[in-house]
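Got a structure for you, questions after.
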């Protein structure tokens, strides 16, 4: 899912060769026809993409739903579960309707076209490009993999204004935000013509892809994007009743731990799946994800040990999620040892945001969507510039405007110039998603109303909005 | 798992070609020997089948167990978990003993033979056919994939008479029902000689397979079969004490939501795994499953919004499961857009059954096994006739009595005649499973007794039947 | 992961052939270069190893954490979850730091070298051997698969002294025990030069591997190793306050059931993943695991039915785990029918240990780590000698000191001599791990102190050690 | 005024509440308790460890009532909650010195 | 001495507790209860089955107090816990015959 | 008759119950409560948000007893439940106007 990646030891030919020696001898085909692409599919890759899609779905339901749900009060538990469940469902339908077309067809550098609306022309016999020349996967497997990303991203921001939003306007917001924020950013960062086609169609790419922004699995597209929406959302909607006065301990850290664990487990589909191929680079992304997460869980626990003298389960879980967020953009680009460093760094910074910064500025980001996803995502996005450096063991990037693609020479990789590109991607995402969110929520508040009545908020959203109680022991 | 399927763009040769161009040039082999089959195995397929088996197991434990368990009262929670856990275990052993042989060896059109009793001749060096000519998978991977189906099916019906059945007779019923209902229906619908063999052995198939019934992943074999057993079971066993008088709210919708989510997650193994190959058609089944489920979750929530003004978490979860059930027989046959329609339709119908019909006829189908699995399964089975139509973007079917198999011409596909075949499959399953269930339960009730004493039912099955309490907070 | 395994019908050539006919004709390469290895990788295998790693991680978090956590009292729930979560994280970092190097590089027969410390030389372009000649997988996928084993093993023993140990010393112990017990045992049992290299480097193997010990997926390395550490640990640390007087019922058997189910689900990665290739033998390991577990769940429930008249959910879950433990060393070596026998036997023996033996000797092995993991592991390790016999349908072993490897002739396989080898492996593991654990814990107790104060133990570890409560309903 | 405390079997709660409504009892407060008495508890067994707590789940109902109504309430509860099996529970009556309705500040019988 | 039982809305607990601290009330015992009264409960619907239990979550506070302090406590609770909406709850006062501090065995007012 | 309410530390429950059995107390009713008093609570911290509720888990025992037995019960509980640490709890005694056994309708001391 980034512009500049390739598998294997030394480049396109060999990556392919690893799949089947038969190909190694065959001549490479530029801009292959669909019939030719059909012969460039490996069932190991197809399996990997399908499994990865399963894993990413598991991240949202039940993973994220439980991670968030455990942290709210009993009376709002079902509202969180329901919001995640329905956002996932609605965003899924939207993806098939026009989301995929807007994100992953050509058009302008800022948004795709309508060519694949209602999945027109997307069948069992069409194929999607990977990051290796002449390696393809069934387009539907790519479609559904990307779909699971479009499903989880809007489910992320609900944590920022949990316990105090009406259900129906939130669903409307999901549709609008996906259309105006998610699809454009995904298009800008991830859309390109594919390695066998770019040489013949230079410029057929998203705006930030063209700038050279690196986002392997969604640091900007997913985490910063949703994280800033969360912050703006909690500012527009305002703090919960009794915020800062009443104590609101998590009603079940057990659920939160289950959720964090399933996020961790499923995130391998998210990160290593983003390699689109099952090869050595997928394994790199996998290992980097594992190590950064371990490191971030440990460093969050350690900072709690220092500050509070008690390392907490919630802290360890928060650290793990922060680590997962931070490694996301860098997962297939960094090296194991630099991933550990990234993980060690992200937790203290996020800890500082969810404790000091939040209590200083008194915004009620209920479940720390900003403090963990946005801040962690920014650290990851910027850190990617560093860890991708081949001189630090990183995977660098590939130039796909030539055919076959060539890897950047280690001495040609410049951390500082990549850093500026990353900064730009971060900035554009923050601005665009922030503004879109603010405007949309303002309008929805004036029209449908975003907040339930005081009494409803007090009694809980479960019974009032959904007519149910989470537990009847 | 259906008679008429093939992968890839245009038919058998190409499907194979996708796996390895080396084969594309090689001549096709009719009725290959085991040694030849060994060279026709792709590790990507093997991985996919193993992973799919893992996913289907996760559907039953913990998925289904939690989905059901959350809906009963605290005092019966463990009884539900235990029933599912032990049915899974016993049905698994039974499958190895004689189930696989009765379901998946030749013999009569109605039941298989004893040739593979105790897994005779099933080794790491035998292979099972897929739906593509000259594509094989290790037989043990097919054996275990089918095993997970035989494990979950009898676990489905316990929901209909939850909270009021004795444990031991239920286990005996599981053994008898598997033998007399599951294996015959599975044989009738799914058994055939395989694409490379059918041309040479016309007629070597199950009764309904031979009629041309389409059931991609188990609409009739699994859901209608178990669903009607549930209905008959709850009628024979009678309603719970206090049914309709005492309120029996779900003790933990959180568990139900976790269960529904894991069912959704695992169902990709069930449906896309039923393709037996990891190719474009597996991706079709995957995408159809995702979209139908999203649509059904949304449409159940919407009908609740209309009827009760409050969309509920239980409703969304019920809708998702109804959608999964309905798409099951059609998953690899329909198209994404028609799958959405199927999902949108199934929820209102099931909603009507679990609310209006059930309260009208006053049967105590505790967890709506009939209303969701049987009704949803029927809608799916009949709907398959429509969505499979190539003129609607469906996958049609293949004629395997010629070698290599040929796809049905779109204009030759007739919805109405396929519909009649589907109707017949549905009718036979309803009748056969219904009668078998009724007779077995009647006999068991007279001999072992099915129902615990009033006092035991009142105090709960957990403490009385299993000597435990679910929670000791 | 054992010395003597190969896939497919009849040996190395064919196993390879199954992957790609292109290879079948090609000449075999002894001691291939890295560039040659790159062409011997199959993406189906790579996918399988990545998925298996995901599954094993899911076994520990949330699987094991919930299985254990549900069994303790509410006040200690988070301490268990936290211990598992942090052990997993720390052991993961340690593996990258020097664990992998100590376990899986040559050196002495007892411990590896420092060549791969900080993952030096382990990249996306290096490969690990499998059990088939000329079949390789990306080394990072092997690295991370083994990593998940190193992460779960120390998490197993905490069950023996749950509810009464201080957090920080336990983390220190995890580091020391991994270094002094896990890496050496893993090296002794599993390290070897690989099938293409052993003929040229005879003797380049771990001590027990060289003796011919069979441990397919970790009966000695994981279960006996951790199980004996648990027993010694609970003896050194002493019983809980009120042990044998106060009643300590499990606070949530629902969590225990979820945990046991996820252990079962994930264990297919553990066992079938240990085949390192996705072929017929992986399917054998998969099926054996399924059947032994079903059988053990049933036999534990039956013995409870006989002894207490009530089969319990905890019993069924305990049986399933005992079955999984027992089949672990034998999974890819036994046959389905002998696996059932192994499963049927292990439960009564473990039942005897956790009831009669434990109450007779009055050690407070809180969650029966010894009674289930160590005892079950011993039964499995010794039973492997029997079920591996080709005359009983077992897979036998391969002689890798010749190239290509040759399978043992059935008549050459001697159960009794293999049994003696197994006994030796069991004995060495018990002794070494037992002594290391005893010494380490003794020293830690004298220096840091292992046990919290009486008051802390009484109030619970959650609030005192972690500053949290598991539930705030 | 009287303060009535009734300990009953949980499944009798709905019946008792309805009966009391019929009598015109407008309010009551209910809580879950564990009862220890003559009734024997079930034995729980966890991996061989047997616990017979004899602590059984019961429901406690608290009702403040006027002196007039109190005896009728007691009688009604006794009749409705009885299954004639051991463990049916008890009804205790205490004197109530004062009662206040928080919303209005009313006191005495009108506060009930 | 008096034994005061107050049934209040759960979200008022913190406020009441703080107010009482101000008055010098050193201890109290709190439990979760379900209240049945004039206040109507929410309707729960599960797959079409409707339950309106009218059993609402409330919090019960029990305070033993000296005869002097008791009236002030009642008044303070009444004022703090009131939202002037139906369902605010009740305060009941009973006579307390004796009080003992377990730690020391002290009895009477000093035990409180 | 007396109605005895004892608030004790949870882990003392089994001991107290056994001691009371020895005295011939045939029944009691137990519930989980939260206690607020001199004893300081533990601080809980969730992502930096600190809560010191001072609400500690306690167990409440309610026993109806004859006038004769009541003082002995109070004394026994006091002795058994004491750990001589702050927070051991309280014993309150109220007068009990009447007691009824639901199963039989018996009243008075024989109902206990």
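Letters A, B, C, D, E and F name the chains as they come in the text, with residue numbers starting at 1 for each one.
Note that in this section contacts are C-beta pairs under 8 Å (C-beta built on N, C-alpha and C of every residue); 3 or more make two chains touch, one makes a residue touch a chain.
Just so we're clear, the structure is a prediction, and the values are computed from it rather than from any experiment.
Looking at the partners of subunit A and subunit E together, the chains they share are B, F. Of the two chain pairs examined here, C-D and B-D, it is C-D that is joined by more C-beta pairs in contact. Chain centres here are Cα averages; for subunit B and subunit C they lie 33 Å apart.
In terms of their C-alpha centroids, the spacing between subunit E and subunit F amounts to 18 Å. Between the CA-based centres of subunit B and subunit E the separation comes to 54 Å, rounded to the whole angstrom. Remark: subunit A and subunit D have CA centroids separated by 54 Å (rounded to whole angstrom). Contact of a single residue of subunit E with at least two other chains is seen at positions 31, 44-46, 94-95. The residues of subunit A that reach two or more other chains are 20, 22, 42-45, 47, 51, 247, 249-250, 258, 308, 310, 312, 314, 467-469, 471, listed in rising order. Contact between chains, using the touch rule, shows up for A-B, A-C, A-E, A-F, B-C, B-D, B-E, C-D, C-F, D-E, D-F, E-F. Looking at the complex, you find that subunit D touches subunit B at residues 11, 14, 42-46. By the touch criterion given at the top, residues 2, 5-8, 31-38, 55, 58, 60, 74, 77-78, 81-95 of subunit D touch subunit F in their complex. Residues 3, 17, 26-31, 62, 64, 94-103, 105, 111-112 of subunit E are the ones that touch subunit F when the two sit in their complex. Contact residues of subunit A toward subunit B in the complex are 20, 22-23, 26, 34-35, 38-39, 41-47, 50-51, 53-54, 57-58, 61-62, 65-66, 69, 77-78, 81-82, 85-86, 88-90, 92-93, 96, 118-119, 122-125, 138-141, 143-144, 147, 167-168, 255, 258, 465-473.
The touching residues of subunit C, counted against subunit B in their complex, run 7-10, 14, 17-22, 24, 42-45, 47-48, 51, 55, 73-74, 249-254, 257-258, 261-262, 264-265, 268-269, 272, 277-284, 286-287, 290-291, 293-295, 297-298, 301, 305, 308, 310-314, 316-317, 320, 336-337, 340, 393, 395, 471.
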